[in-house]
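The same chain A turns up in both complexes below, where it pairs with chain B and then with chain C.
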Partner chain A sequence: MVDRLTLLRGAVQQALETNELDGVLALRADHNGTVPHLFRTGDDLSGLALWPKYPLTRTLDLLLSAQPGARLGIVARGCDERSLIEMAKRNQVDLERVTLIGLACTAEEAAACRCARPYPTKIAVGERVEGVEDTITSEHARLSLAERAGFWQRQFAKCFKCYGCRNVCPQCFCEECALEEDLWVERGVLAPPFPMFHLIRAMHTVGKCVGCRECELACPADIPLTILYSLLRRDVEEMFGYVPGASLEDRPPLVVSGVPEGWA
Partner chain B sequence: MREDFEPRIIGFLCNWCSYAGADAAGTSRLSYPSNIRVVRVMCSGRVSPELVLRAFREGADGVLVLGCHIGDCHYTDGNHRTAKRIPILRKLLSYVGIEPERLRLEWVSSSEAQRFAQVVSEFTETVRQLGPLEKGGEV
Partner chain C sequence: MDYQNVLTTCVYCGAGCGLYLQVLDGKVVGVLPAKQHPISQGKLCIKGWNSHAFIYREDRLTRPLIREDGTFREATWEEALTLVAERLQAIKAQHGPDAIAFLASAKCTNEENYLLQKFARACVGTNNVDHCARL
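Showing the complex of A and B:
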């Protein structure tokens, strides 16, 4: 059986040759980790890498904005594809200029991300594996109110406001960020008793967060942020039938008109 | 709960319906608890999660958001956002260990003075039973 990396090289090569792309954005191995890299026609593809994953969507956005005529490919896992869909709805990326090279995650990768849907809609590389049940989130939902309060007080107390969760998030693209306003988040104050930073961030990603888990991977304090975001994602689906990243046509419920039937 | 506990309640009232409803309650000489401190906003849709959270951070034990009934919004659909946002914010509060009952959204029209007084009374009693908001601190 040919390994995924070899298949990926073939897929990137093919995309570069047949789709007349100006380049394919993928990960390159670097210092035991990975970095985003734009592979162009004729480039040596031996440096291509798969893991640890990294949000390429931010880099894609940068490249497309800097090169308005460029057409690019991107190696996209399920979460990358869902991120791009939410970004496109908010005019953050022009999907007409983007070719997706779908990458299915392995069972191990899916488990590491507690991912419910570890594959994109069109798979070019890899085999589809079933999603993983997010037991951490469901266990949290069973805690009492007091237990939750204690849990999050300990977690938020670790935060030193590096803004890494926001900076890495594919869905955080506001030019003016509420988390930088003194009115809401006190500057120079670490882990105040009332967690404005994290609650505002959670509210601002409702209907956008696709659960890529990049914030959690980026967090140097290991705060399990996606527990909150997963719970809210479940609520948004139950209340409004909305699943972020599922389709380009569905409108994000919190920012459009209309209320569910029976609410008036 | 402590007998002497008087909850501090911040009320965000929309200019067109609920604030007028509160005004009508006053001119009708209806009595309601003085625990509520009213902030007039142009639309309940203006009440961002930041405003609610900051009210809690600054010492509110409860936050009451009042707006026009669905269909009556002065801006047609401003309250649609509120209608969807507040339930989600209540969920979030519950996930971090804050009683969601401390945040309440109700629709009060300009003619519903009686309803305004009743909502404020009920909500004040609910928050009184919950006691002061514990914001943690020492962990």
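Showing the complex of A and C:
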């Protein structure tokens, strides 16, 4: 059986040759790790790498914005594809300019991310594996409301406002961020008063968070943000039947909810 | 379109977190945490996340300045270092080596700070060595 990396090299090569792309955004092996890299036609693809993943859609947005005529490919895992779909709904990316090379995650990668949907809708490389049950989150959800409030109070007390969760988030693309406004977040105050800072961010990613887990991985204080955002996604699905990134056609609940009958 | 990520070490403190500078068409436009870095493990503080921000600042110091009559003028490194050496020698000759203190920096490497204290003790002859966090 041909390994996943060899298959990916073939898929990237083919995308570059057949789609007249200005490049394919993927991961390259670098200093015993990986880093986002723009592979161009004729480039040596032996450096392609798979893991650890990076939030590639942020970099894609950076590149597409810098060159408005460019057409790019991206090696997209399930979370990358979901991210692009939510970005497209909010006019953050023009999917006409993007070619997706779908990459299915391995069982080990899915377990590392506690990912419920570790594959894109169209898989070019890799075998689809089933989603992983997030037992850490489900155990947390069994606590009482008071216990959960206490838990988050202790966790958020560790925050020293690096803004890494926002900086790394593929769904944080506001030109002006509420977390930088003195009205909401006073400068020079650590930890930020409970619970405003984190709940502002949580509210702003409702219906957008695609469960990539990058915020938790970027947190120097090891705040288990995946629990918070998994439960937000659970609520959005239970209350509005909406799964962020599942389809381009589904409309985000914040756009269509709360309008009284007959008003729309 | 040319996009590169350059692995480097955060300049802001002695922790030495690893980060990638995002370079787009020859210009540094952002920072990515280096996930494989043994110290920072893909995490950065707010200074690390913004450690590219000073690169193109108009008020960034890019040359040595010498103050004369209350105002600064640009100078060459040769002229500036010669002036510093002459003044240190003059102060030491007039008041003794303990009239001079050396303040090391958390922004420097271990090796640079080692050299600074070595210079203070062996060359100038004082144990007045401290660091910038106590300025």
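Operating definition for what follows: the second predicted complex is superposed on the first by the 253 of 264 C-alpha atoms of A that agree within 3 Å, B and C clash if a C-alpha of one lies under 4 Å from a C-alpha of the other, contacts with A are read in each partner's own complex, and residues count from 1 in each chain.
As a convention for this text, contacts are C-beta pairs under 8 Å (C-beta built on N, C-alpha and C of every residue); 3 or more make two chains touch, one makes a residue touch a chain.
Computed from a prediction, not measured in an experiment: that's the story for all the values here.
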>> Just to be sure I read the superposition right, which of the two partners does A:73 touch: chain B = first, chain C = second, or both, or neither?
In response: neither
> Counting only touches as set out at the top, which of chain B and chain C does A:31 meet: first, second, both, neither?
Replying inline: second
>> I'd like to know which partner A:150 touches here: chain B for first, chain C for second, both or neither.
In response: first
> When the two structures are overlaid on chain A, which partner does A:195 contact: first (chain B), second (chain C), both, or neither?
Replying inline: first
> Between chain B (first) and chain C (second), which, if any, makes contact with A:211: first, second, both or neither?
Replying inline: neither
> Any idea whether chain B or chain C touches more of chain A?
Replying inline: B
> What residues on chain A touch chain B, complex-wise?
Replying inline: 140, 145-154, 157, 178, 183-184, 192-196, 199-200, 202-204, 206, 227-228, 231-232, 235-236, 239-240, 253-255, 257-259, 263-264
> Can you list the residues on chain A that touch chain C in the complex?
Replying inline: 22-23, 30-38, 52, 54, 59, 62-63, 66-67, 70, 160-164, 167-168, 217-220
>> Going by the contact rule set out above, which residues of chain B touch chain A in the complex?
In response: 49-50, 53-54, 56-57, 69-71, 76-77, 80-81, 83-85, 87-89, 91-99, 134-137, 139
> If you look only at chain C, which of its residues touch chain A in the complex?
Replying inline: 1, 3, 5, 7, 20, 22, 24-25, 29-30, 32-37, 40, 42-46, 48-49
